[in-house]
Amino acid sequence: MLIGKVVGTIVATQKDEKLDGLRFMVVRQMTVDGKDTNSYVVAVDAVGSGVGETVLYATGSSARQTTVTDKRPCDAVIMAIVDTWEVDGEVRYQKDGES
Amino acid sequence: MLIGKVVGTIVATQKDEKLDGLRFMVVRQMTVDGKDTNSYVVAVDAVGSGVGETVLYATGSSARQTTVTDKRPCDAVIMAIVDTWEVDGEVRYQKDGES
Amino acid sequence: MLIGKVVGTIVATQKDEKLDGLRFMVVRQMTVDGKDTNSYVVAVDAVGSGVGETVLYATGSSARQTTVTDKRPCDAVIMAIVDTWEVDGEVRYQKDGES
Amino acid sequence: MLIGKVVGTIVATQKDEKLDGLRFMVVRQMTVDGKDTNSYVVAVDAVGSGVGETVLYATGSSARQTTVTDKRPCDAVIMAIVDTWEVDGEVRYQKDGES
Amino acid sequence: MLIGKVVGTIVATQKDEKLDGLRFMVVRQMTVDGKDTNSYVVAVDAVGSGVGETVLYATGSSARQTTVTDKRPCDAVIMAIVDTWEVDGEVRYQKDGES
(Lines give C-alpha, C1' and ligand atoms only; values in the text may rest on other atoms or scores of the structure.)
Protein backbone atom coordinates (compact mmCIF):
# COMPACT_ATOMS: atom_id res chain seq x y z
CA MET A 1 0.00 0.00 0.00
CA LEU A 2 0.99 3.62 -0.30
CA ILE A 3 0.03 6.70 1.65
CA GLY A 4 -1.95 9.31 -0.26
CA LYS A 5 -4.03 12.41 0.14
CA VAL A 6 -7.42 12.61 -1.54
CA VAL A 7 -7.22 15.77 -3.66
CA GLY A 8 -10.11 15.49 -6.07
CA THR A 9 -12.86 13.57 -7.77
CA ILE A 10 -13.72 12.38 -11.27
CA VAL A 11 -17.16 12.11 -12.82
CA ALA A 12 -17.59 9.63 -15.66
CA THR A 13 -21.06 8.79 -16.97
CA GLN A 14 -20.01 6.61 -19.89
CA LYS A 15 -18.23 3.65 -18.29
CA ASP A 16 -18.12 -0.11 -18.03
CA GLU A 17 -21.40 -1.20 -16.41
CA LYS A 18 -19.60 -2.94 -13.54
CA LEU A 19 -18.40 0.48 -12.38
CA ASP A 20 -21.89 1.90 -11.75
CA GLY A 21 -22.18 3.49 -8.35
CA LEU A 22 -18.45 3.58 -7.59
CA ARG A 23 -16.77 6.84 -6.54
CA PHE A 24 -13.51 7.75 -8.33
CA MET A 25 -11.12 9.76 -6.18
CA VAL A 26 -7.90 11.46 -7.30
CA VAL A 27 -5.22 10.48 -4.78
CA ARG A 28 -1.84 12.19 -4.61
CA GLN A 29 0.94 9.94 -3.38
CA MET A 30 2.85 11.17 -0.30
CA THR A 31 6.42 10.49 0.74
CA VAL A 32 7.25 8.63 3.91
CA ASP A 33 7.92 12.05 5.45
CA GLY A 34 4.44 13.32 4.63
CA LYS A 35 5.37 15.48 1.64
CA ASP A 36 3.33 15.66 -1.55
CA THR A 37 4.71 14.01 -4.67
CA ASN A 38 3.85 14.46 -8.33
CA SER A 39 2.54 10.90 -8.58
CA TYR A 40 -1.15 10.28 -8.40
CA VAL A 41 -3.64 7.53 -8.98
CA VAL A 42 -7.39 7.44 -9.51
CA ALA A 43 -8.77 5.05 -6.88
CA VAL A 44 -12.21 3.76 -6.04
CA ASP A 45 -13.33 4.66 -2.53
CA ALA A 46 -14.23 1.68 -0.32
CA VAL A 47 -14.26 3.36 3.09
CA GLY A 48 -16.24 6.59 2.82
CA SER A 49 -13.22 8.84 2.42
CA GLY A 50 -13.46 12.45 1.29
CA VAL A 51 -11.33 15.18 -0.25
CA GLY A 52 -8.57 16.30 2.11
CA GLU A 53 -8.19 13.01 3.96
CA THR A 54 -5.00 11.00 4.29
CA VAL A 55 -5.57 7.44 3.20
CA LEU A 56 -3.97 4.11 2.35
CA TYR A 57 -4.55 2.74 -1.12
CA ALA A 58 -3.85 -0.67 -2.63
CA THR A 59 -3.18 -1.30 -6.31
CA GLY A 60 -3.28 -4.20 -8.74
CA SER A 61 -5.43 -7.26 -8.22
CA SER A 62 -5.52 -6.52 -4.47
CA ALA A 63 -7.68 -3.50 -5.33
CA ARG A 64 -10.47 -5.93 -6.22
CA GLN A 65 -10.58 -7.61 -2.80
CA THR A 66 -13.05 -5.20 -1.17
CA THR A 67 -16.79 -5.82 -1.36
CA VAL A 68 -17.41 -2.74 -3.53
CA THR A 69 -14.63 -3.51 -6.03
CA ASP A 70 -14.99 -7.31 -6.34
CA LYS A 71 -14.62 -8.39 -10.01
CA ARG A 72 -14.66 -4.77 -11.25
CA PRO A 73 -12.19 -3.33 -13.79
CA CYS A 74 -10.58 -1.32 -11.00
CA ASP A 75 -6.84 -1.34 -10.24
CA ALA A 76 -6.66 0.99 -7.22
CA VAL A 77 -8.78 1.23 -4.07
CA ILE A 78 -8.79 3.36 -0.95
CA MET A 79 -9.04 0.71 1.77
CA ALA A 80 -8.24 2.69 4.93
CA ILE A 81 -8.27 6.21 6.36
CA VAL A 82 -5.09 6.99 8.28
CA ASP A 83 -5.42 8.05 11.95
CA THR A 84 -1.77 8.35 12.85
CA TRP A 85 1.46 7.45 11.18
CA GLU A 86 4.85 7.26 12.83
CA VAL A 87 8.28 6.97 11.21
CA ASP A 88 11.70 6.84 12.90
CA GLY A 89 10.04 7.29 16.27
CA GLU A 90 8.27 10.53 15.33
CA VAL A 91 4.60 11.07 14.64
CA ARG A 92 4.47 12.35 11.06
CA TYR A 93 0.74 12.70 10.82
CA GLN A 94 -2.25 12.71 13.10
CA LYS A 95 -5.82 13.03 11.87
CA ASP A 96 -7.37 16.46 12.67
CA GLY A 97 -4.16 18.23 11.95
CA GLU A 98 -1.75 18.27 14.93
CA SER A 99 1.26 16.88 13.05
CA MET B 1 -6.54 3.94 -12.73
CA LEU B 2 -4.82 6.75 -14.54
CA ILE B 3 -6.14 9.64 -16.62
CA GLY B 4 -5.20 9.58 -20.28
CA LYS B 5 -5.95 11.12 -23.63
CA VAL B 6 -6.64 8.87 -26.60
CA VAL B 7 -4.11 10.01 -29.21
CA GLY B 8 -4.03 7.22 -31.75
CA THR B 9 -4.84 3.73 -32.89
CA ILE B 10 -2.98 0.56 -33.80
CA VAL B 11 -3.89 -1.97 -36.46
CA ALA B 12 -2.59 -5.50 -36.01
CA THR B 13 -3.85 -8.31 -38.23
CA GLN B 14 -1.54 -11.06 -37.00
CA LYS B 15 -2.44 -11.50 -33.35
CA ASP B 16 -3.51 -13.98 -30.71
CA GLU B 17 -6.95 -15.24 -31.71
CA LYS B 18 -8.52 -14.10 -28.44
CA LEU B 19 -7.85 -10.52 -29.49
CA ASP B 20 -10.04 -10.64 -32.61
CA GLY B 21 -12.43 -7.73 -32.78
CA LEU B 22 -10.78 -5.64 -30.07
CA ARG B 23 -9.78 -2.03 -30.73
CA PHE B 24 -6.26 -1.00 -29.68
CA MET B 25 -5.98 2.66 -28.69
CA VAL B 26 -2.79 4.62 -27.99
CA VAL B 27 -3.39 6.48 -24.72
CA ARG B 28 -1.08 9.22 -23.49
CA GLN B 29 -0.93 9.50 -19.70
CA MET B 30 -1.86 12.91 -18.25
CA THR B 31 -0.71 14.54 -15.03
CA VAL B 32 -3.11 15.35 -12.23
CA ASP B 33 -3.03 18.93 -13.54
CA GLY B 34 -4.14 17.91 -17.00
CA LYS B 35 -0.77 18.15 -18.76
CA ASP B 36 0.51 15.62 -21.26
CA THR B 37 3.31 13.27 -20.22
CA ASN B 38 5.71 11.18 -22.27
CA SER B 39 4.24 7.96 -20.90
CA TYR B 40 1.74 6.02 -22.93
CA VAL B 41 0.04 2.71 -23.00
CA VAL B 42 -1.80 0.74 -25.67
CA ALA B 43 -5.22 -0.06 -24.21
CA VAL B 44 -8.23 -1.98 -25.44
CA ASP B 45 -11.37 0.15 -25.69
CA ALA B 46 -14.32 -1.11 -23.63
CA VAL B 47 -16.53 1.97 -23.69
CA GLY B 48 -16.71 3.27 -27.26
CA SER B 49 -14.04 5.94 -26.83
CA GLY B 50 -12.42 7.77 -29.73
CA VAL B 51 -9.29 9.74 -30.55
CA GLY B 52 -9.20 13.04 -28.66
CA GLU B 53 -11.22 11.91 -25.67
CA THR B 54 -10.07 12.02 -22.05
CA VAL B 55 -10.46 8.64 -20.42
CA LEU B 56 -9.68 6.48 -17.41
CA TYR B 57 -7.71 3.32 -17.99
CA ALA B 58 -6.97 0.36 -15.74
CA THR B 59 -3.91 -1.88 -16.03
CA GLY B 60 -2.84 -5.33 -14.96
CA SER B 61 -5.27 -8.13 -14.23
CA SER B 62 -8.00 -5.54 -13.60
CA ALA B 63 -7.88 -4.80 -17.32
CA ARG B 64 -9.46 -8.22 -17.91
CA GLN B 65 -12.55 -7.52 -15.81
CA THR B 66 -14.68 -5.97 -18.57
CA THR B 67 -16.90 -8.11 -20.77
CA VAL B 68 -14.83 -7.41 -23.90
CA THR B 69 -11.47 -8.17 -22.27
CA ASP B 70 -12.39 -11.19 -20.12
CA LYS B 71 -9.62 -13.85 -20.33
CA ARG B 72 -7.81 -12.01 -23.14
CA PRO B 73 -4.04 -11.35 -23.20
CA CYS B 74 -4.73 -7.66 -22.55
CA ASP B 75 -3.09 -5.66 -19.73
CA ALA B 76 -4.72 -2.24 -20.20
CA VAL B 77 -8.32 -1.22 -20.81
CA ILE B 78 -10.19 2.05 -21.25
CA MET B 79 -13.08 1.57 -18.80
CA ALA B 80 -14.53 5.10 -18.57
CA ILE B 81 -14.77 8.38 -20.47
CA VAL B 82 -14.17 11.37 -18.20
CA ASP B 83 -16.92 14.04 -17.97
CA THR B 84 -15.37 16.32 -15.39
CA TRP B 85 -12.41 16.13 -13.13
CA GLU B 86 -11.69 18.36 -10.17
CA VAL B 87 -8.48 18.71 -8.15
CA ASP B 88 -7.78 21.02 -5.18
CA GLY B 89 -11.24 22.54 -5.56
CA GLU B 90 -10.77 23.54 -9.21
CA VAL B 91 -12.29 21.97 -12.28
CA ARG B 92 -9.30 20.83 -14.36
CA TYR B 93 -11.25 19.33 -17.20
CA GLN B 94 -14.78 19.35 -18.51
CA LYS B 95 -15.86 17.36 -21.55
CA ASP B 96 -16.55 19.56 -24.62
CA GLY B 97 -13.65 21.76 -23.85
CA GLU B 98 -14.46 24.47 -21.29
CA SER B 99 -11.57 23.69 -18.91
CA MET C 1 0.31 -3.20 -23.81
CA LEU C 2 3.39 -1.46 -25.06
CA ILE C 3 4.93 -1.14 -28.50
CA GLY C 4 8.27 -2.84 -28.98
CA LYS C 5 10.77 -3.95 -31.56
CA VAL C 6 12.09 -7.51 -31.48
CA VAL C 7 15.87 -7.09 -31.32
CA GLY C 8 17.16 -10.46 -30.24
CA THR C 9 16.70 -13.91 -28.84
CA ILE C 10 17.69 -15.87 -25.78
CA VAL C 11 18.57 -19.56 -25.56
CA ALA C 12 18.12 -21.26 -22.21
CA THR C 13 18.38 -25.04 -21.92
CA GLN C 14 18.11 -25.31 -18.15
CA LYS C 15 14.68 -23.95 -17.32
CA ASP C 16 11.39 -24.68 -15.57
CA GLU C 17 9.81 -27.62 -17.42
CA LYS C 18 6.66 -25.64 -18.22
CA LEU C 19 8.76 -23.40 -20.45
CA ASP C 20 9.82 -26.17 -22.84
CA GLY C 21 9.25 -25.22 -26.45
CA LEU C 22 8.68 -21.51 -25.85
CA ARG C 23 10.69 -18.90 -27.75
CA PHE C 24 12.22 -16.07 -25.69
CA MET C 25 12.54 -12.81 -27.59
CA VAL C 26 14.37 -9.66 -26.48
CA VAL C 27 11.97 -6.75 -27.08
CA ARG C 28 13.09 -3.13 -26.94
CA GLN C 29 10.35 -0.76 -25.84
CA MET C 30 9.53 2.08 -28.26
CA THR C 31 8.15 5.54 -27.53
CA VAL C 32 4.80 6.65 -28.84
CA ASP C 33 6.74 8.49 -31.55
CA GLY C 34 8.47 5.35 -32.71
CA LYS C 35 11.86 5.98 -31.14
CA ASP C 36 13.92 3.32 -29.38
CA THR C 37 14.19 3.44 -25.59
CA ASN C 38 16.67 1.82 -23.21
CA SER C 39 13.94 -0.31 -21.67
CA TYR C 40 13.55 -3.89 -22.73
CA VAL C 41 11.76 -7.02 -21.73
CA VAL C 42 12.23 -10.69 -22.53
CA ALA C 43 8.88 -11.90 -23.87
CA VAL C 44 7.56 -15.23 -25.05
CA ASP C 45 6.42 -15.20 -28.67
CA ALA C 46 2.79 -16.20 -29.21
CA VAL C 47 2.29 -15.00 -32.78
CA GLY C 48 5.25 -16.15 -34.87
CA SER C 49 7.14 -12.86 -34.66
CA GLY C 50 10.79 -12.51 -35.70
CA VAL C 51 13.75 -10.23 -35.12
CA GLY C 52 13.18 -6.79 -36.62
CA GLU C 53 9.41 -6.77 -36.31
CA THR C 54 7.36 -4.17 -34.47
CA VAL C 55 5.04 -5.83 -31.99
CA LEU C 56 2.66 -5.34 -29.09
CA TYR C 57 3.49 -7.08 -25.84
CA ALA C 58 1.46 -7.60 -22.68
CA THR C 59 2.94 -8.05 -19.22
CA GLY C 60 1.90 -9.43 -15.86
CA SER C 61 -0.79 -12.05 -15.43
CA SER C 62 -2.25 -11.03 -18.81
CA ALA C 63 0.86 -12.54 -20.39
CA ARG C 64 -0.47 -15.97 -19.40
CA GLN C 65 -3.75 -15.62 -21.31
CA THR C 66 -2.53 -16.96 -24.65
CA THR C 67 -2.68 -20.66 -25.45
CA VAL C 68 1.11 -21.04 -25.50
CA THR C 69 1.68 -19.24 -22.18
CA ASP C 70 -1.25 -20.57 -20.13
CA LYS C 71 -0.13 -21.39 -16.56
CA ARG C 72 3.56 -20.89 -17.42
CA PRO C 73 6.00 -18.84 -15.32
CA CYS C 74 6.02 -16.15 -18.00
CA ASP C 75 5.33 -12.45 -17.32
CA ALA C 76 5.57 -10.98 -20.83
CA VAL C 77 4.15 -12.12 -24.16
CA ILE C 78 4.19 -10.86 -27.72
CA MET C 79 0.50 -11.04 -28.61
CA ALA C 80 0.33 -9.04 -31.86
CA ILE C 81 2.45 -7.89 -34.78
CA VAL C 82 1.82 -4.23 -35.64
CA ASP C 83 0.68 -3.38 -39.20
CA THR C 84 0.18 0.34 -38.83
CA TRP C 85 0.18 2.73 -35.98
CA GLU C 86 -1.13 6.28 -36.02
CA VAL C 87 -0.70 9.04 -33.43
CA ASP C 88 -1.98 12.63 -33.54
CA GLY C 89 -3.37 12.00 -37.02
CA GLU C 90 -0.04 10.89 -38.50
CA VAL C 91 1.03 7.40 -39.47
CA ARG C 92 4.11 6.72 -37.33
CA TYR C 93 4.75 3.23 -38.57
CA GLN C 94 3.68 1.00 -41.39
CA LYS C 95 4.85 -2.57 -41.79
CA ASP C 96 7.34 -3.00 -44.68
CA GLY C 97 8.96 0.28 -43.97
CA GLU C 98 7.09 3.20 -45.56
CA SER C 99 6.74 5.26 -42.36
CA MET D 1 10.88 -9.57 -3.18
CA LEU D 2 12.81 -6.56 -2.04
CA ILE D 3 14.89 -5.90 1.05
CA GLY D 4 13.53 -3.27 3.43
CA LYS D 5 13.89 -1.86 6.88
CA VAL D 6 10.81 -1.45 9.07
CA VAL D 7 10.83 2.24 10.02
CA GLY D 8 7.35 2.91 11.31
CA THR D 9 3.74 1.99 11.79
CA ILE D 10 0.33 3.23 10.68
CA VAL D 11 -2.88 3.21 12.67
CA ALA D 12 -6.14 3.23 10.73
CA THR D 13 -9.44 2.63 12.49
CA GLN D 14 -11.74 3.27 9.54
CA LYS D 15 -10.87 0.57 7.04
CA ASP D 16 -12.23 -2.25 4.92
CA GLU D 17 -13.54 -4.91 7.33
CA LYS D 18 -11.25 -7.59 5.88
CA LEU D 19 -8.28 -5.62 7.24
CA ASP D 20 -9.32 -5.89 10.90
CA GLY D 21 -6.48 -7.10 13.08
CA LEU D 22 -3.71 -6.60 10.53
CA ARG D 23 -0.61 -4.55 11.39
CA PHE D 24 0.49 -1.93 8.84
CA MET D 25 4.23 -1.33 8.82
CA VAL D 26 6.11 1.42 6.97
CA VAL D 27 8.99 -0.29 5.16
CA ARG D 28 11.84 1.66 3.59
CA GLN D 29 13.39 -0.05 0.57
CA MET D 30 17.13 -0.74 0.77
CA THR D 31 19.67 -1.01 -2.01
CA VAL D 32 21.54 -4.22 -2.69
CA ASP D 33 24.44 -2.65 -0.80
CA GLY D 34 22.36 -2.07 2.31
CA LYS D 35 21.81 1.66 1.88
CA ASP D 36 18.49 3.40 2.53
CA THR D 37 16.46 4.63 -0.44
CA ASN D 38 13.65 7.15 -0.67
CA SER D 39 11.19 4.46 -1.74
CA TYR D 40 8.86 2.98 0.79
CA VAL D 41 5.81 0.78 0.97
CA VAL D 42 3.19 0.15 3.62
CA ALA D 43 3.14 -3.62 4.16
CA VAL D 44 1.12 -5.95 6.35
CA ASP D 45 3.24 -7.91 8.81
CA ALA D 46 2.93 -11.70 8.51
CA VAL D 47 5.96 -12.77 10.56
CA GLY D 48 5.99 -10.80 13.81
CA SER D 49 8.46 -8.17 12.62
CA GLY D 50 9.09 -4.93 14.49
CA VAL D 51 10.47 -1.44 13.89
CA GLY D 52 14.20 -1.54 13.16
CA GLU D 53 14.28 -5.01 11.61
CA THR D 54 15.54 -5.84 8.13
CA VAL D 55 12.93 -7.79 6.23
CA LEU D 56 11.88 -9.19 2.88
CA TYR D 57 8.59 -8.01 1.45
CA ALA D 58 6.52 -9.26 -1.47
CA THR D 59 4.13 -7.11 -3.48
CA GLY D 60 1.16 -7.58 -5.80
CA SER D 61 -1.06 -10.65 -5.71
CA SER D 62 1.76 -12.60 -4.05
CA ALA D 63 1.19 -10.44 -0.97
CA ARG D 64 -2.11 -12.27 -0.47
CA GLN D 65 -0.54 -15.74 -0.25
CA THR D 66 0.12 -15.73 3.50
CA THR D 67 -2.48 -16.97 5.95
CA VAL D 68 -3.02 -13.51 7.47
CA THR D 69 -3.42 -11.72 4.12
CA ASP D 70 -5.46 -14.29 2.18
CA LYS D 71 -8.21 -12.54 0.13
CA ARG D 72 -7.55 -9.17 1.80
CA PRO D 73 -7.18 -5.87 -0.09
CA CYS D 74 -3.46 -5.87 0.69
CA ASP D 75 -0.74 -5.46 -1.95
CA ALA D 76 2.42 -5.76 0.17
CA VAL D 77 3.42 -8.19 2.91
CA ILE D 78 6.45 -8.74 5.10
CA MET D 79 7.02 -12.48 4.66
CA ALA D 80 10.50 -12.96 6.16
CA ILE D 81 12.96 -11.41 8.61
CA VAL D 82 16.49 -11.35 7.22
CA ASP D 83 19.24 -13.09 9.22
CA THR D 84 22.16 -12.55 6.86
CA TRP D 85 22.55 -11.30 3.39
CA GLU D 86 25.59 -11.67 1.19
CA VAL D 87 26.41 -9.95 -2.10
CA ASP D 88 29.54 -10.30 -4.27
CA GLY D 89 31.06 -12.62 -1.68
CA GLU D 90 30.74 -10.14 1.20
CA VAL D 91 28.31 -10.22 4.10
CA ARG D 92 26.35 -6.99 3.79
CA TYR D 93 24.11 -7.51 6.76
CA GLN D 94 23.90 -9.77 9.76
CA LYS D 95 21.09 -9.61 12.30
CA ASP D 96 22.18 -8.10 15.64
CA GLY D 97 24.36 -5.57 13.99
CA GLU D 98 27.84 -6.93 13.12
CA SER D 99 27.75 -5.92 9.43
CA MET E 1 11.07 -11.54 -17.92
CA LEU E 2 14.29 -9.68 -17.34
CA ILE E 3 17.92 -10.75 -17.58
CA GLY E 4 19.84 -10.79 -14.32
CA LYS E 5 23.03 -11.96 -12.71
CA VAL E 6 22.87 -13.89 -9.45
CA VAL E 7 25.11 -11.89 -7.09
CA GLY E 8 24.19 -13.13 -3.65
CA THR E 9 21.99 -15.00 -1.23
CA ILE E 10 19.74 -14.23 1.70
CA VAL E 11 19.19 -16.36 4.78
CA ALA E 12 15.93 -15.87 6.68
CA THR E 13 14.93 -18.28 9.42
CA GLN E 14 11.82 -16.47 10.62
CA LYS E 15 9.47 -16.50 7.64
CA ASP E 16 6.02 -17.46 6.43
CA GLU E 17 5.76 -21.24 6.70
CA LYS E 18 4.98 -21.63 2.99
CA LEU E 19 8.50 -20.39 2.26
CA ASP E 20 10.27 -23.25 4.05
CA GLY E 21 12.92 -24.83 1.90
CA LEU E 22 13.05 -22.12 -0.76
CA ARG E 23 16.35 -20.47 -1.73
CA PHE E 24 16.38 -16.66 -1.88
CA MET E 25 18.84 -15.27 -4.42
CA VAL E 26 19.86 -11.64 -4.89
CA VAL E 27 19.62 -10.93 -8.62
CA ARG E 28 21.07 -7.81 -10.21
CA GLN E 29 19.19 -6.67 -13.31
CA MET E 30 21.25 -6.36 -16.49
CA THR E 31 20.74 -4.07 -19.48
CA VAL E 32 20.02 -5.45 -22.90
CA ASP E 33 23.71 -4.84 -23.66
CA GLY E 34 24.85 -6.99 -20.77
CA LYS E 35 25.81 -4.19 -18.38
CA ASP E 36 25.02 -4.22 -14.67
CA THR E 37 22.32 -1.90 -13.35
CA ASN E 38 21.57 -0.66 -9.85
CA SER E 39 18.23 -2.47 -9.82
CA TYR E 40 17.94 -5.78 -8.07
CA VAL E 41 15.33 -8.20 -6.91
CA VAL E 42 15.31 -11.06 -4.43
CA ALA E 43 14.04 -14.09 -6.33
CA VAL E 44 13.33 -17.69 -5.41
CA ASP E 45 15.44 -20.17 -7.36
CA ALA E 46 13.45 -22.74 -9.35
CA VAL E 47 16.17 -24.10 -11.61
CA GLY E 48 19.25 -24.82 -9.50
CA SER E 49 21.04 -21.58 -10.30
CA GLY E 50 24.08 -20.37 -8.37
CA VAL E 51 25.97 -17.16 -7.66
CA GLY E 52 27.62 -15.80 -10.80
CA GLU E 53 25.15 -17.22 -13.28
CA THR E 54 23.17 -15.21 -15.82
CA VAL E 55 19.48 -15.98 -15.52
CA LEU E 56 15.98 -15.02 -16.55
CA TYR E 57 13.54 -14.07 -13.82
CA ALA E 58 9.80 -13.54 -13.86
CA THR E 59 7.92 -11.28 -11.46
CA GLY E 60 4.38 -10.83 -10.18
CA SER E 61 1.81 -13.60 -10.16
CA SER E 62 3.78 -15.39 -12.90
CA ALA E 63 6.46 -16.02 -10.28
CA ARG E 64 4.08 -18.47 -8.62
CA GLN E 65 3.68 -20.68 -11.69
CA THR E 66 6.62 -22.99 -11.03
CA THR E 67 6.23 -26.13 -8.94
CA VAL E 68 8.42 -24.81 -6.13
CA THR E 69 6.66 -21.43 -5.88
CA ASP E 70 3.02 -22.49 -6.35
CA LYS E 71 0.74 -20.59 -3.92
CA ARG E 72 3.71 -19.14 -2.01
CA PRO E 73 4.05 -15.45 -1.03
CA CYS E 74 6.80 -15.05 -3.64
CA ASP E 75 6.79 -12.33 -6.33
CA ALA E 76 9.98 -13.15 -8.24
CA VAL E 77 11.40 -16.44 -9.51
CA ILE E 78 14.47 -17.52 -11.45
CA MET E 79 12.90 -19.72 -14.11
CA ALA E 80 15.79 -20.19 -16.58
CA ILE E 81 19.57 -20.11 -16.81
CA VAL E 82 20.76 -18.26 -19.93
CA ASP E 83 23.01 -20.15 -22.39
CA THR E 84 23.36 -17.49 -25.05
CA TRP E 85 21.77 -14.20 -25.74
CA GLU E 86 21.91 -12.27 -28.98
CA VAL E 87 20.88 -8.67 -29.69
CA ASP E 88 21.11 -6.72 -32.95
CA GLY E 89 22.81 -9.68 -34.59
CA GLU E 90 25.62 -9.92 -32.05
CA VAL E 91 26.12 -12.48 -29.33
CA ARG E 92 26.12 -10.47 -26.10
CA TYR E 93 26.59 -13.36 -23.75
CA GLN E 94 27.55 -16.98 -23.91
CA LYS E 95 27.69 -19.23 -20.88
CA ASP E 96 31.26 -20.07 -19.82
CA GLY E 97 32.49 -16.64 -20.63
CA GLU E 98 33.34 -16.25 -24.33
CA SER E 99 31.22 -13.10 -24.92
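Letters A, B, C, D and E mark the chains as written, and numbering starts fresh at 1 in each.
Operating definition for what follows: a residue touches a chain if its C-beta (ideal position, glycine included) is under 8 Å from a C-beta of that chain, and two chains touch if they have at least 3 such contacts.
Bear in mind that the values here come from a model prediction, so they are computed numbers and not experimental data.
Engineer: Treat touching chains as neighbours and tell me the shortest step distance from chain C to chain D.
Structural biologist: Between chain C and chain D, the shortest chain-hopping route counts 2.
Engineer: Centroid of chain A to centroid of chain D, CA atoms only: how many Å?
Structural biologist: About 21 Å separates the centre of chain A from that of chain D.
Engineer: Averaging only over C-alpha atoms, locate the centres of chain B and chain E and give their separation in whole Å.
Structural biologist: 33
Engineer: Touching at least two other chains at once: which residues of chain E meet that condition?
Structural biologist: 60-61, 63-64
Engineer: From the touch relation defined up front, give the order of chains around the ring, starting at chain D and going on to chain E.
Structural biologist: D, E, C, B, A
Engineer: So in the complex, the part of chain B that touches chain C is made up of which residues?
Structural biologist: So the residues of chain B in touch with chain C come to 7-16, 18-19, 24, 26, 28, 38, 40-43, 51, 60-61, 63-64, 71-76.
Engineer: In the complex of these two chains, what residues of chain B are touching chain A?
Structural biologist: Listed in rising order, the residues of chain B that touch chain A are 1-3, 31-32, 46-48, 56, 58-67, 69, 77, 79-88, 92.
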